[in-house]
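What follows is a structure written as structure tokens; I'll ask about it next.
We just call them A, B, C, D, E and F in the order they show up, numbering each chain from 1.
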């Protein structure tokens, strides 16, 4: 669908947008990581391994965070998936 | 007073400073927005409208935040308004 | 040891890395400052001077923060000191 | 945030206006993506407490929707008040 | 974070690929330094409470080590899950 | 933060020194504006609790002043200690 887009916008803008998009992904990943660590990992740090409960909490946390990202993306009416 | 400033500094520096200044304004606005949301908006989210109490709290919060920005700007001796 | 490094990497990359490195130092300093302020300075703000207890807490806080930075740097296996 | 808050470009020569305008566009794109990230983080943190299932339940979804809508209304209101204060404080150039 | 998460470069002309690749490298360096800073801040905040001495005691040091190791394992796991979701959501270009 | 903390430029050729110096200046401007924003946020959050009036009362104003002064003194002290540790850790180039 967007085969000939590059002729329409100039290249600097395309690279600028790609850069912002990647910064956004990195930030999404970092916020998700820190939020799920705070929600799932026991702060006493009695051991250096993640236990089973923490691991399954992390998986569900990532999944729910992803859903919230999509849900809010729809509300903002971007019309495209957040990634 | 500063009519002929552009000749003194080179253009790159002017654009660089304008960019920093704008980043600063965006960050001020974002911090203000997040701080006043945390101070004024009820976290239970029982409805999607802001109620009267929240609205007037927001207005006062913005006003006070602005005053704190000015007050600290004076203390820092910038000699210019923060915006 | 690294006398002739500048010929190997191109200059843009060196400046790019120097910039990231400096951003990292600034961020380290800022995080340290905010963390130690939160840990050591009394939030009642009864006076505008730091008292003796606060001052010695700050010195120890900086020292310990520094050690944590080094400790985690070793764990990450960077092989170089964090600064 | 509203473009007008970022400065008055009227007094610049055209080529500088164009450059400044591009810079503002870039800042706005970055800012809106950051806002999106911050909104997701806030509403997730406020609304999702349980991790016994991997999908949002109805209550969580409702909470997230309201949180996001409230935040957007809030943000709009702050923008208006902020612009008023800005105008009051602005000095003629 | 894994480079592949940042996008598919295969469809670009070579010189653009090179430029994009450099940009990604720069972002990754910045990101890993930020991660390092954030990890230090978190483990320091969680593990160091007392300021009666200027050196870490053994208990604090153990806590910091475990905190950092746990965080790294956590981060790895999040990366895997995130990549799966990303792939599921990806549309063919 | 002090410029000297950001690195030793003595060993570079003059044109690179100039470029590096400009880069440091840019970082310092950005950093001081961020510090200003962070200081406002912190002192506002710590000192302003009531929103029944739209202007600061005397007590809030005093609190903000002291908070800002304390933070600046704190920041100065941290800078000194940080520089000492930095020097101790510095390896000759």
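FYI, a contact is a pair of C-beta atoms (placed from the backbone, for glycine too) under 8 Å apart; a residue touches a chain by one contact, two chains touch by 3 or more.
Owing to the predicted nature of the structure, the values given are computational and were not obtained by experimental measurement.
Distance from the centre of subunit C peaks at D, each centre being the average of the chain's Cα atoms. Measuring from the averaged C-alpha position of subunit A to that of subunit E gives a distance of 13 Å. One finds 27 Å separating the Cα centroids of subunit B and subunit C. Counting partner chains per residue, subunit B shows two or more touched chains at residues 21, 23, 40, 59, 63.
Within subunit F, the positions touching two or more other chains are listed as 34, 38, 47, 65, 69. In this entry the chains close into one ring whose order, counted from subunit B toward subunit F, is B, F, C, E, A, D.
Interface residues of subunit F facing subunit C in the complex, by the touch rule stated above, are 1, 5-7, 16, 19-20, 23-24, 27, 31, 34-35, 38, 42, 46-47, 63, 65-67, 69-71, 73-75, 77-79, 81-82, 85-86, 89-91. On the side of subunit D, the complex with subunit A involves touching residues 26, 29-30, 33-34, 36-41, 43-45, 47-48, 51-56, 60-61, 64-65, 68-69. Listed in rising order, the residues of subunit A touching subunit E in the complex are 11, 15, 18-19, 21-23, 25-26, 29-30, 32-34, 36-37, 40-41, 43, 45-50, 54-55, 58-59, 62-63, 66, 81, 83. Looking at the complex, you find that subunit B touches subunit F at residues 16-17, 20-21, 23-24, 27-28, 31, 35, 39-40, 56-57, 59-61, 63-65, 67-69, 71-73, 75-76, 82.
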